[in-house]
Amino acid sequence: MRLLMWWSGRALSSAATLLGVSVLIFAAVRLMPGGFAETVLGPFATPEQKAELATRYGLDQPVFMQYGHWLAAVAGGDFGISMISRQPVGAELLARLPVTAELSLLAVAGSVLAGVPLGVLTAVRARPGGGGAAGRLLSGLGVSVPEFVLGSLVVFVFSRYALGLEIGAWVPFTEDPARNLATMVLPAAVLSVFAISVTARTTRDAVMGVLVEPYVTAAVGRGESPWFIVRHHILRNAAAPVVTLLGTIIAYLLGGALIVEHVFNLPGIGSYIVQAVGRRDYAVVQAGVLLAAGVFIVMNVVIDLLVGVLDPRLGVTAGRRS
Amino acid sequence: MKRLDRLSIGGLACLLVLVLLALGSLAGAGGDPDAIVGPRLQPPGPGWWLGTDNLGRSMAPRVMEGVGTTLLLSSLAVLVTAAVSATFGIVAGYRGGYLNELVMRLVEVLYSFPAIVLAVLVAAVLGPGQVAALASIVLVTIPLMTRLVRAAAVAVSQRDYVTSAVISGARLPRVLGRHVLPNVAGTIAVQGTYALSVGIAVEGGLSFLGFGVQPPQASLGVLIQQGGTYMIAAPWLVLGPGVVLVAAILAINVVGDGLRDRLEPQETRSLT
Amino acid sequence: MTGTRAILELDDVTVTFTAGPPLRRIRLNAMRHVSLSVAKGETLGLVGESGSGKTTTSRVALGLHRPTGGTVRFDGRPFPRRRRELAGRTQAVLQHPHWSLNPRMRVGQSVAEPLAVLGRPVGDLVTEMLGHVGLEESFAGRYPHELSGGQRQRVSIARALVTRPDFIVFDEAVSALDVSVQVQILNLIRDLQKEYGFSALFISHDLGAVRYVADRIAVMRAGEVVETADTATFYTAPAHEYSRQLLEAL
Amino acid sequence: ATGTTTQPSTGPQAEAAPGYLAVADDALPSGGTLNVQVHIDSGAATGYDPQLADVATTWQLLSLSYETLVTVGPDFGIEPLLAEKWETPSPTEYVFHLREDVSFSNGRKMTADDVVGSFERLLASESVWRGQLGPVKSVAKDGDHTVKVTLKEPYTPFLAALANVPAAVLPMKEIEDKSVDPATTLLGTGPYVVEDHRQDVSWTFKRNEKYWAKGKPAADTLNITIAPEEAARIAALQNGSAALATLGNVDSAGMLAGARDVQVVTQATTDFYYLMLNTKAPDSKFADPKVRQAINIALDPQQIADIALGGKGKPSAVTPAGLPGACDPAALPSASKTIDEAKKLLAEAGAENLTFTLSIYSTQPAPAVAQVIQQNLQQAGITVKIEQMDEASWSGKVYGKAPAEFDAALSWFAGYADPGMVTKWWNPEEAGFNVGFMTPGKELNALIGAAGKEPAGAAREKALAAVCAAADADAQMIPLVTRPATVAYRSDALSPSLYSTEGYGNVLRLVADARVKKSQ
Amino acid sequence: MSLLSVRNLVIDYAETRALDGADLDVAPGEKVGLVGESGSGKSTLGSAVGRLLPRTARRTGGEVLVAGEPVFDLPPAALRRLRRRHLGFVFQDPIGSLDPTMRVGAQLRLVLGRGADVNPHLERVRLDDPRVARAYPHQLSGGMAQRVAVAMAMAASPELLVADEPTAALDSQVREEVLNVVFSLAADAGTSLLWLSHDLPAVARRCDRVAVMYGGRVVEHGPAREVLGKPGHPYTAALAGSAPAAAAHGARLEPVPGRPPVLTGPSPGCAFAPRCALAVDRCHHERPGPVRVRDQDVLCHRAGEVTA
């Protein structure tokens, strides 16, 4: 029952956020210089052609009317038609979602597997006066190499020495899982380098916070081994910020692992949105951003639930905090 | 308080060198970054000791200029972000209620925009250039920072020393400035350095997509992006600025971590 | 010692907390119809088991919390909308020694803060105040984490007393102190009270300490004041069953 | 103009045969799958309708399914395609004899009605190409396999204009009975049939089993991947996932230098970069022709070609360099003047400290060209601020308003296959797109019109030279350098045919000849 | 042989000397109270027994022997073994010393071993309600939480339980209950107890021996009633005379005059000398050594002369 109420509260605030996003993206798209007509029809278009195009996509109506129509359509599950491909945007987004989802999940899996241990290690080994420096350097290095540098580097190296991994030529997982993975491993690895670093640093921070807790001292006093303490007490207590971060990373990536998709030429959502921005394909940009926001919001709810499970004090069911 | 550790001091020194390089470029040291001085795509040699680019310009002064552009742009952006996030995060966290709700909704709206899409939109709306890059970095980095600062501020606001100050009759600016701010400063510092690296990445990413600073001005992002296409034929184009960029972000991060540890008064115990 | 007028009057105060998710809140009465008054120059001891509403009462008394029902008057008037008008007139030593001091401020700065708020010169007051609570001058330069639990508590007390306020709340102010320091502090409270006559709400689990400083004692249980009596009367002839239980444990 | 430090431009590439960079090896068996990567998909809002397509990338893709009466051969010669042969009884009359064995990919035989209908549909449309076709008076069939076109007046580029996709023969019967919408369906006589298209992702073409040319197309399947990122295309070539790819960077050949079995060739195209100086803005800095001339003089196209294009382009006049009959850019008046003369002109115009903004889009090599222009003009004391934006913003800025608000802008023209075609764009009244920033000149317009009518020969060359000189003096749109097209392919996977020159930006022009090597 | 033996232990924080040569012995089965002014180093000494000091703390001298093993010189694994076998700790903050993310039962099982029955252990600390095992720490009252903490510390039947003000955060009734639990459990298991406390009457009532700390040293050590009733050290005398609970209403207690010392290095003489009524010149420069007064060991040059 209480859960239900919590959900209704969340649903309301999520709706508010989505509405905000929709207004913002709608306005931004229309504020962008370079109208759709010039972009798509090219320099030779006549005013009549432009007008005809505007009528076709309802762009001649007052802006708030356009917004209203769009919102109503979206509420009914219709994301509109791409002005370039003339295909329904919803279907195209759906077709691209698996690519981006797989990429983000792989990247996040990588960052959990590598980042969390690294973070724990650097925190537990941190000593005033330089200890843990190697770990700090390592995790610093990860955030220091921009995706587009690393991505280009990887593309160059691996296109010469394939090592069983492929660049480009993406195939759906359902078609050929092995080849799909072979094409996804590298971009996911490039993406996760940054995520690993951030995860490691957040983990380090959280673990440092837990290390000063009396129950950790109590466990040390009971003669538990560091590994045991990490496993049973630290991981779970430090998990909340890390889970929050990971959720945010997933959401971010789902919204478009743009640069990596671009560099590796993967047909994901990020590259779709950015190409659409470049072409002023309004419906696509709007729908793409709304989808990304929706994913983000859902992710956030999931994170909150998860964090609540991890830390009963913060849970949905917690009656009071003090 | 604790002194900065050796690693952080190394980072600081590294940053100092980079700042000096940037200042040197402003003062004209290293030569005109836009002048075509020799044949295209020459490997490092006399006259162009970091090689020449695809227009025959010497890379050395370009890298120096690039350091300046990038550092200035991203640190300015981070300052703005830090100021805005700290203000909103602290006030929302301390005050709670509707203000909090409003700020958090706004932040969430921004947050749920995919970062680079947000940046691209900003650049497209404002027209490309430094202002757009700045605004993009700010908008991309604000949500996370505001959220975290707010969370920290909520925790700090419940502390008894804040209540004590209120009881003593301290005005809001004093309560926020003397009590809440310093105690969320660690969060701001860590997030600030993180934002700085994100900022540099966003700037580079924007250049990568063609929205960055305007030619012929160099920024590390632009140089690396352009050099990237020459990675095999002329690796020096990407190596010079790449190494500098990595050094810069690394130094910033290391210093940020050091600051965090320094600002954190709590003491840890060994697990063994 | 007893003033003519009450500095603080709580009249039929009820505080209800709501907690939990929206639309499905739990209501909890932390204070039920509490009426109390503290005369000028008087110390009222407030005792009761954990969770009985003592801290909540003190927050209401300090104007930090608006009661759900009933009225609060400070110095004959309701609390002003702007706290600032009361600056320096009320102070408090709050319950949790761990969080009572700003970890980024040196002890000296913390103690000087109430003066700074008032714009009064600091002078030697900080050193003097630290001396009163048994801390030597060098402590002014330390950070809270470099203090033991008791030392921290003493710093809070010094901070509360430095402006010579009219009304002070001591919420478990001496619980973390060893007896000799406890006595020193309790004596200090008594001496300063004699010297300039502030009023105090002295909250404690420790009936011994309460007896030592309080003029009157109020006993709380589950949000209600079950007994109010003169100290002497209370310790010799408690009226309420619950008071008797408390005294047995002493 | 004066030259500064430059690197000698690379000499002409070795040709596989006269006019060919590569010739497909007929000895190889046909069949197989050909993987191609290009940098951009067709992007017309009008869909697949070839008549409305005005982007070269769209022409390139549509040309796989649609064919024209005539086509462009090596070195811009006009060759038969759907018309077996043609006659020109008079300078205003063209009679085309259609091949009899041509069917659309749905199996229906192509007839003269389709040809006439396509012509009429095109002339009635708002297509840009309508203007390029010239002064067509009438189109009529003469039997099932003959079509006669009558012009109002002589128009020399007519055949060249017919050789491009917008003039393709459409299945008019199906279009008229509305069973086919050319905007959404490709149904032509060409070698390939679309099997699948995902916008901005890929195309899959299957061989047209009904194709009239025996043995063509060689490859059974043609996969075209859209890879906007150059590095991705280079990678695909290196690891063999693409057998052929278009490259945008002039230095990509160098990038692929070490890669085994990868051939990089540069097609000379007739496309060329040009600089627009806006004279229509309310207080235009370029209203005085002297200012524009000074800029024209200070520009150093050779340096632009050498530096910005890595020696791959060459200076061009209004008539694209490389086309038979085009004028010699070195003979232009501005080419022989010095920087001092430019400075003098500026001084006379009272514009000594001229500063202006050059709007460009971010796609390479435009930024490189702009930066060399900036360096060039600095010699004459002119300060250029470069404003780089995405293509959409750029077109909004340049074409969105009349009068346009930009100072100067950089772009390129497709040069087509006849020197008299692109010259039309110097007449804003006819071109339309530049009315917002270019002031029409009566004299120049007359010269352009006259050159169009002049039949090929010395007189035409003279007329064209006059156009070139007049445009050079007018200097509202200043031609700079040609725009080379780089193509790379895997010699172990593919034996393609490629012309040395290309007028319509169609790298895939001879793709039906390409043989896939099984060895891959 | 004593179970715990602290020998001349010196512990420094960054600039503060917290222990300045402390000596302490606890025999098997003994209940020892550790009292002293706040800041005198009780917590530091208590933590040092299990080498649980914060990282900024340094051992400058001396040693701590638990069951004959030098705690500060053991390799990590051996140190852990020693803690497991011989030591148990209970701290001041009851809720904080339990893992907030784990149910009480699960935490106990972590100590007891998988599958163990936690109920007897909860019953030992008088937590009979079966719901306790399923509760999270924040759902417990302070008294209950502290009893859980005691149960956890006692689960492995340590030979020495160090309790650092285990009841300071509890109200007086609950305080008694918890102390009863601690003492009866310790008595049943034959566990020695080192109890850090401010509550002198309770110490006198419950402990066999008491150690009084001042300025980082144990200045007096002996049977509880003797020490608190007939102090051998002037500081103990002052301390014993100032319990507010003992004072009649309206009476005034006189605390020890002056301020507690803050050491940055070894104290040149007796740390109490500046506040001591009996101090003579020698007290200021010469560190007092242990003197036997009746049953007490006293660090004072004038030990015999004190009259309480």
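Residue numbering begins at 1 within each chain, and the chains themselves are lettered A, B, C, D and E in the order written.
Please note the rule applied: a contact is a pair of C-beta atoms (placed from the backbone, for glycine too) under 8 Å apart; a residue touches a chain by one contact, two chains touch by 3 or more.
Chain-to-protein mapping (UniProt): A, B = ABC transporter permease; C, E = ABC transporter ATP-binding protein.
These numbers were taken from a predicted model, which means no experiment stands behind them.
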Partner chains shared by chain A (ABC transporter permease) and chain D (touch criterion as defined above): B
Label of the chain whose CA centroid is most distant from the centroid of chain C: D
For chain C paired with chain E, centre-to-centre distance based on mean C-alpha positions, whole Å: 29
Intercentroid distance (Cα basis), chain E paired with chain B (ABC transporter permease), Å: 50
Whole-Å gap between the CA centroids of chain D and chain E: 91
For chain E, residues contacting two or more additional chains: 52, 55-56, 79-80
Residues of chain D whose C-beta touches two or more other chains: 231, 389-390, 392-393
Residue list for chain C, restricted to those that touch at least two other chains: none
Residues on chain D engaged by chain A (ABC transporter permease) in the complex (per definition of touch): 37, 43-47, 54-55, 126, 128, 183-184, 198-202, 225, 227-229, 231-232, 234-239, 241-242, 259, 389-400, 431-433
Residues on chain D engaged by chain B (ABC transporter permease) in the complex (per definition of touch): 4-5, 7, 230-231, 249, 251-252, 254-255, 257-258, 307-308, 310, 361-364, 367-368, 370-372, 374-375, 385-390, 392-393
Chain C to chain E touching residues, read off their complex: 49-51, 131, 134-136, 138-139, 146-151, 153-154, 175-184, 186-187, 190, 205-209, 211-212, 231-232, 235, 245-246, 249-250
Chain B (ABC transporter permease) residues within the chain A (ABC transporter permease) interface of the complex: 2, 5-7, 105-106, 108-109, 111-117, 120-121, 124-125, 127, 144, 190, 194, 197, 200-201, 204-205, 208-209, 221, 224-225, 228-229, 231-232, 238, 242, 245-250, 253-254, 257, 260-261, 264, 266-272
For the chain E and chain A (ABC transporter permease) complex, residues of the former touching the latter: 50, 52, 55-56, 79-85, 87-89, 91, 93, 96-102, 110-111, 136, 138, 149, 152-153, 156
